[in-house]
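Okay, so subunit A shows up in both of these, paired with subunit B first and subunit C after.
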Partner chain A sequence: MVAVLSVKGLCKSFANVRAVDDVSFDLPAGETLALAGPSGSGKSTIARLVVRLLEPDAGQIAFMGKDISRLSGEPLRVLRRQFQMVFQDTNSSFNPRATVGSALLDPLNAFAIGNARARPEEARHLLERVGLDADLFDRPIHELSGGQRQRVGIARAIASRPALIVLDEALSAIDASIRIDLLKLLIDLQREHTISYLFIAHDLGMINAIAHRIAILDGGRIVEQGPTHQIIQNPKSETGRQLLGAAARLPARSSS
Partner chain B sequence: MALLNIENLTVSYNGKRNAIENATLSISPGERVGLIGESGSGKSTLALATARLLPATATQSGTINWLGGQAAPRNGLDIGYVFQDPAGSLDPVQRVGDQIAEAVSVLRGKTRSESRAIALDLIERVGFSETEQIARRYPHQLSGGQKQRIAIACALAGQPRLLIADEATSALDTIVQAGIVRLLNELVSRQGVALLFITHDLALASTLGDRLIVLRGGRIVENGTPLQIITEPKHPYVAELVASHLSTEMPPLMETYVGGDS
Partner chain C sequence: MTGVKRFLSTGETRAGLALLLPLLAFALLAPAMFPGDPMAIVGEPLLRPFQNSAFPLGTDRLGRDVLAGLAHGARTSLLVGLAAALSALCVGAVIGTIAGFGGRLLDETLMRLTEAFQTVPAFLLALAFVSVIGPSLSSVVLAIALGAWPAPARVARAEVLSIREKDYVAAARVVGKRPAQIAFIEILPNALPPVLALSSVIVASAILIEAALSFLGLGDPNRVTWGGMIAEGRTVLRSASYLSIIPGVALVITVLAIYLLGEGAAKARLAKRSYV
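For the complex of A and B:
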């Protein structure tokens, strides 16, 4: 089976720093691969390379079997509807003056999805799909709570019916009590539309909830990767062990 | 005797709904208290009122007493404050050693050379070995975790007996966060500093706190040991927090969640 995303020997340096160093992984259709690692380990750089917001120095990024690492211009723009990104900071990832409706109409118009007249209806449908009231359509995005804004972020990402969504610490700034609902939403959407997620986070508790596989990064390199339960139960790398040791736990209920 | 006694504290901004409503709590010497609640629950307002750092637009009533006396705690000398964003709490154009020395000299009236020596000692106490070298750096030459250690050193400059850490680890990654939590624990156990640790992370607060206080809509809804609160939550919000906690020891949501209720 052809992976939705297949990355081989990916490298990227900034000035003298090797931010991403010989990174390779495969992400099959409908699965979630988590990239975990400390700050500065290269997670976000990989995310940006994959959606081609950055140009790789070396290596291949194959999307549905097609090398997109050197693609540019119109062919890249056309393909872009297939891979979308959700960011951490919901304050800065929207036009501050945008309304909820316009944030959803933008991708529908840009990628010419459906009939132009049907698009407002489609945008309302997207809102409801991510668990928001369609009445929010005309509200400025900045009036929404952080959790609601991130639901709009997810609605915007699925608007173009992508095969891949890169979530860069998308739930890290969301209150814990709301985070679990957003994880459920992502799982539902993945099951319905066979979307693959490249899920970037540093919290192994959250990663354990949603990811099929984990790649642990340190200093721009993947130091280990494997199925989630294997990495969580028996991390082989020092970084993996540190991340697991640092994962927050609630005190154990008396286990007599 | 309690270090800090807060009684019937009510705070509002610009005459709007009370940000803190009728809060009563005390902190003992060397005690670690975790203060948790979601965004907007009043955590920071409570901490800022304690350190008398509220903006002029705030009105408050109730009493805040230090060591059983009538006097309020002195900022810097009785209470040290560590903020969430270490980059924002340090002066970008001053060497970090000078910033700590300046705090020592202002708060404790020490001479230049005494302040300098104390600053180096503080840099060592927050976990650096190359103290001279670190003292010469500017904030931008340090990582986020290193900057937060320096901010903690600044907060300790006046030898306070209570350290308030307001989301001090929230912007750091989990490994760095664990290091700062270890440091705060050390300061409590070795130097008897009491700690008010503010966070929205229930697991983090229960790892660190001898006692947890939960705020909801400006009111204290729980006050007890982490185990008490987590095993027998009195307030539905706390029960929800416990239920929504994601741990690596739980079966993955992906496997347990049937679907459809998002």
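For the complex of A and C:
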């Protein structure tokens, strides 16, 4: 079976810094691959390369068997219907003037999904699907809480029924109590629609809950890659051990 | 709406409105208060102000009502000032957005063009344009806008350059918006506030340039203008100085009022920032 996303030898430099250096991975349909690594390891750059917000210096990004690494203009725009992204910062990832409804209508209109008159109804369905009240439709997004905004972000990403969603630290800034609900929501959506997730995070606890496989990055390279349980239980790389130990290493607070 | 309230609560805004609102009413009601041609001879020439109740501000060298001229001139000044500023702001915002969003080549080209326009003094540009095209209301508006668009264009470009790196612009790309939609629907409206802050300065300078053009005889010949009235009065400056002083004072008050409104808006914006 052909992978939804297959990345080979991906490289990207900014000025003199190699942000992404010869990165390769495969992501099968309906699975989650987590990219983990310390800050500056190139996770977000890979995310932006995969959804083609950035152009790679070298390497291939095969999406459903088709190389999109050099695609641009209208063909790229049309194909974007199939791969979406959820951003980390819910304050800046929506136009400050947008309402909940307009944010959801954007992908429906841009990709001409369904009948134009049915789209507001479809947007309301999306809201309900991600656990929000359909009455929020006319509310300005900046009036919502961070968790609610990220639900809108997820609804926006699934609106065009994509095969792949890149979640760039999508839950990292979300309150821990709401994070679990959102993880469940993402897993349900994945089962329902067979979506592949490229899940970028630095918290191995969260990754353990959602990812089938993990790739650990350091300095723009993949230092270790494998099934989640294997890497969590027995990380081979120094970076992997550090990430895993990060929580355990914190000394307990001593009572004085 | 709190922004409007904050704007209205500054002293500058109140002073500006106190000057501008009567002026605006005066201009709007001119055809009702002074029906007929303000350029028609209606009385004895060189009648001084406050001597005849029919002509409170007197009459000019040919016996035309100064107050009627002032009212109709206010229409011209405000109309030209607002129309020129509006077109300069629109053109500037659009060109600035294209330059900031359209990639390096477009940016370089448009910015060199903007610089070329900025190196020529706005008044000389307007003077040359009207001399070539011929004086009429629309050519005066165009001539003034021609010198006024570079400033808003540069401000808009700078703003667009910072906005286009924001996540919501990336998100708009991801959800399949077309580049033109992103530039003009996502970015431009968010880049407008600092551009609009220039409007008071542009309106005020447009009114002054219009007056200067009319003073030199390059205003619309079919309309009364304050600049034209000052020029008329100049010939009898020693014997009837009021003919130059009255439209001159009107000009000063108008420009001052608009400037005060701009200051009020700037103050309101600053106050907003210090709250957040």
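Worth a mention:
Note that the second predicted complex is superposed on the first by the 246 of 256 C-alpha atoms of A that agree within 3 Å, B and C clash if a C-alpha of one lies under 4 Å from a C-alpha of the other, contacts with A are read in each partner's own complex, and residues count from 1 in each chain.
What we mean here is this: a contact is a pair of C-beta atoms (placed from the backbone, for glycine too) under 8 Å apart; a residue touches a chain by one contact, two chains touch by 3 or more.
Worth saying up front: this structure is predicted, and the values here are computed from it rather than measured.
Superposition of the two complexes onto subunit A shows subunit B and subunit C fitting side by side, with no clash. The superposition-derived angle at subunit A (between subunit B and subunit C) is 80°, Cα centres, a multiple of 10. Using the contact criterion defined above for the overlaid structures, shared-chain residue A:I158 touches neither subunit B nor subunit C, since it reaches no partner. When the two complexes are superposed, the chain touching more residues of subunit A, out of subunit B and subunit C, is B. In the superposed model, A:I232 makes contact with subunit B only, not with subunit C.
Contact with subunit B, but none with subunit C, is seen for A:A176 once the two complexes are overlaid on the shared chain. In the superposition on chain A, A:L243 makes contact with subunit B only, not with subunit C.
After overlaying the two complexes on the shared chain, residue contacts for A:L204 are found with subunit B alone; subunit C is out of touch.
Superposition on chain A places subunit B within reach of subunit C only down to 11 Å, the least C-alpha distance between them. In the three-chain superposition model, subunit A touches subunit B and subunit C at no common residue. Those residues of subunit A whose C-beta lies close enough to touch subunit B in the complex are 32, 38-40, 131, 146, 175-177, 179-185, 187-188, 191, 202-206, 208-212, 228-229, 232, 242-251, 253-254. Subunit C contributes residues 166-168, 170-178, 181, 186, 189-190 to its touches with subunit A in the complex. Chain contact summary for the complex, subunit A toward subunit C: residues 48, 51, 53, 77-78, 80-81, 84-85, 87, 89, 92-98, 106-107, 110-111, 156, 159-160. Residues of subunit B touching subunit A in their complex: 38-39, 143-144, 172-178, 200-204, 206-207, 226-227, 230-231, 237, 240-242, 244-250, 252-254, 257, 259-262.
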